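As written, the chain order gives the labels A, B, C, D, E and F, with residue 1 at the start of each chain.
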Amino acid sequence: MSNDVSKKTAETAALYFKGVSGEKPYELWKSFDRNLARDLSLFITGQIYSRQVLPHPTRQLVAVATLTVLEKTEELDLHLRAALNVGCKPRELAETIFQTAIYGGVPAMNQGLKTLRKVLEENDLWPIADED
Amino acid sequence: MSNDVSKKTAETAALYFKGVSGEKPYELWKSFDRNLARDLSLFITGQIYSRQVLPHPTRQLVAVATLTVLEKTEELDLHLRAALNVGCKPRELAETIFQTAIYGGVPAMNQGLKTLRKVLEENDLWPIADED
Amino acid sequence: MSNDVSKKTAETAALYFKGVSGEKPYELWKSFDRNLARDLSLFITGQIYSRQVLPHPTRQLVAVATLTVLEKTEELDLHLRAALNVGCKPRELAETIFQTAIYGGVPAMNQGLKTLRKVLEENDLWPIADED
Amino acid sequence: MSNDVSKKTAETAALYFKGVSGEKPYELWKSFDRNLARDLSLFITGQIYSRQVLPHPTRQLVAVATLTVLEKTEELDLHLRAALNVGCKPRELAETIFQTAIYGGVPAMNQGLKTLRKVLEENDLWPIADED
Amino acid sequence: MSNDVSKKTAETAALYFKGVSGEKPYELWKSFDRNLARDLSLFITGQIYSRQVLPHPTRQLVAVATLTVLEKTEELDLHLRAALNVGCKPRELAETIFQTAIYGGVPAMNQGLKTLRKVLEENDLWPIADED
Amino acid sequence: MSNDVSKKTAETAALYFKGVSGEKPYELWKSFDRNLARDLSLFITGQIYSRQVLPHPTRQLVAVATLTVLEKTEELDLHLRAALNVGCKPRELAETIFQTAIYGGVPAMNQGLKTLRKVLEENDLWPIADED
């Protein structure tokens, strides 16, 4: 089973972070503690993200919404890129961020929108086309 | 257009809060200020929740995720009931709450799970059946 | 000067907590550590709340607004009573709480409004009269 | 009535943002969705900020206090400028931020003070004069 | 290695929760999903709490401090009991909670102190003796 | 006693901030209000940090843990330097930050780790040696 978790971890990480430059969380953790980094990665990516109950695009909307209200901008940037990689539409990402204003307030939403705009620009998806 | 927003507000509120007892947010606001309550309700329900970019079940997962990490328990209770009303499965709701632990921590997830269990019990959906 | 701070502390505490039943923060602290309780009380009440730059009603609106977005319900209850004691109007308190929704979201506002309604009821100020 | 809200929105926005450079929230929202931006702006600026229950300077102190404890630095910067535009004194703004330490802690207060100092410097109001 | 993690998980859980009544987090998780509950428990208890870099009493002070500022009262209650089980002194727990006021504000500290007092009372450790 | 507090304040500040460049919190406060800065400093440094119930290294782990979950990065940077000054080991600081992920989530932990890595690099303590 451990091999199975390792395989799922690698596949899911490859799917999410395709084309994403910069240090990944796993690399940050590994710079401190190789074993703990492995445990964290197998748990988060292999035992949570690779589960089948929610499809990947829905999981990413959940991530985007929570990271917006918690104003975790670097992590939000990463998950917006993962969201595009798994097929979320730019318009859905914007809508998710807009909706969070009701729960987490307008300033957090504003930071979320700015982060999304930057990610879309870097992916040549800005301004959002009518069909996106 | 104002009539249109009023109509959408009423329809969406009826859909979300079908069978939900207790004071609704609109009633709370109205007890303080009738006009402001109307403005708030038309804006939130009529101009945000009734938009078509995200389907209702996805919107509710977004609400559930953010309310869990922000630990807004009463509001989470309300949106879990709305989620069931628009067709979210118990298992999807649990999965959404489990996922938030990564972003908002385990204690917030625990409160979310307890709130979900209570809502499912009151709707005769507990324990979660295999096909749910 | 220390006598001066003690005097201001006593005067300000008497003003804020007039007619407020239940354990005051100072009493909670004293049950753990008499000296630290005194230091905390002299600092917060004597050296912050008794300053003259902001009038007491404005200070209480600041307290009410921040305690609402931070969702510190017990402390909010206490400061709403202090606010009434220093002359804040019920309508101003409601308006302050309504405004916070923009920054801290609607669920926190809802809890703030519920707390205010309870405090006003216990002070025979509910429903809010037209002239309040 | 809709015309009335539009007029109040424009007047209040002009008052608050006089001389403020950089992208305003409304412009950010509009870059994503013109209709939703309009709805948001009419609601926040036209139906909340233009209400008469609290005078504009008090509203801005409420905004400054909550944005400090929530540590929304960009939005705090904007509202500090709006506060100066509606007549808040530098010393009142500092006092408001100092007071929030009791509720939201010292680190959030420190960020608030740094933001205020920057805004005052850019408005040639630093250091704070004795009569301010 | 998996056996080793299981063993550490069981040992650490037994140490922390000795004599603690009520539903444990693991039981809550298991009521939703047996496999995920196991993964969570092995990760948190077996791969984090059982590590040797920090001694158990220090780990519990870290838990108490963060749960206080995040105001996670139920979880704080649980970790205060675990703290007593691993040898933390009542006075150290109170001091840790007092210190957090600087970072997370006084209201969160107050809730932390109330939770501690309740836990100490239920363990016949209240009021705190001079030698504790 | 006031002299005693002043002395403790100076000693503790010297211990914590030895070799730390950049503006200290006291200097920030003093740029706004000399008297209030003194009150704040005597209270926080002289009446909290200089207490003897917790040894300085434990106090700094408490500070590091709470500042990580609250994501107060500038203050965390300062307290990580203070932690090294009072004898905390790099590995203990990393472990403390890793543990907070359970309570405050992974993104806050990631920011904490990045801040720690920067501080260790600037103190020639990176990468962490086996004996640290």
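Going forward, a residue touches a chain if its C-beta (ideal position, glycine included) is under 8 Å from a C-beta of that chain, and two chains touch if they have at least 3 such contacts.
These numbers come from a predicted model, not from an experiment.
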{"item": "Intersection of contact partners for subunit B and subunit E", "value": "A, C, D, F"}
{"item": "Intersection of the contact lists for subunit D and subunit F", "value": "A, B, C, E"}
{"item": "Per Cα centroids, the chain farthest from subunit E", "value": "D"}
{"item": "Identity of the chain that, by mean CA position, is farthest from subunit C", "value": "A"}
{"item": "Angle, in degrees to the nearest 5, of the Cα rotation that carries subunit A onto subunit D", "value": "120"}
{"item": "Separation of mean Cα positions, subunit E and subunit A [Å, integer]", "value": "30"}
{"item": "Approximate Å spacing (C-alpha centroids) for the pair subunit E, subunit F", "value": "23"}
{"item": "Subunit C residues counted as touching two or more neighbouring chains", "value": "36, 44, 51, 67, 69-70, 72, 75, 94, 98, 101-107"}
{"item": "Chain contact graph, described as a line, ring, star, complete graph or other shape", "value": "complete"}
{"item": "Subunit B partner contacts - residues on subunit C that touch it in the complex", "value": "71, 94, 98, 101, 105-108, 110-111, 113-114, 117, 127-128"}
{"item": "Residue numbers on subunit B that touch subunit D, as the complex places them", "value": "2, 36, 39, 43, 47, 51"}
{"item": "In the complex with subunit C, residue positions of subunit A that touch it", "value": "69, 101-107"}
{"item": "Footprint of subunit D on subunit C - complex, ascending", "value": "44, 48, 51, 53-54, 58-59, 61-63, 65-70, 72, 75, 91-92, 94-96, 98-100, 102-104"}
{"item": "Residues of subunit F that touch subunit D when the two form their complex", "value": "25, 28-29, 31-33, 36, 40, 44, 67, 70, 72, 74-75"}
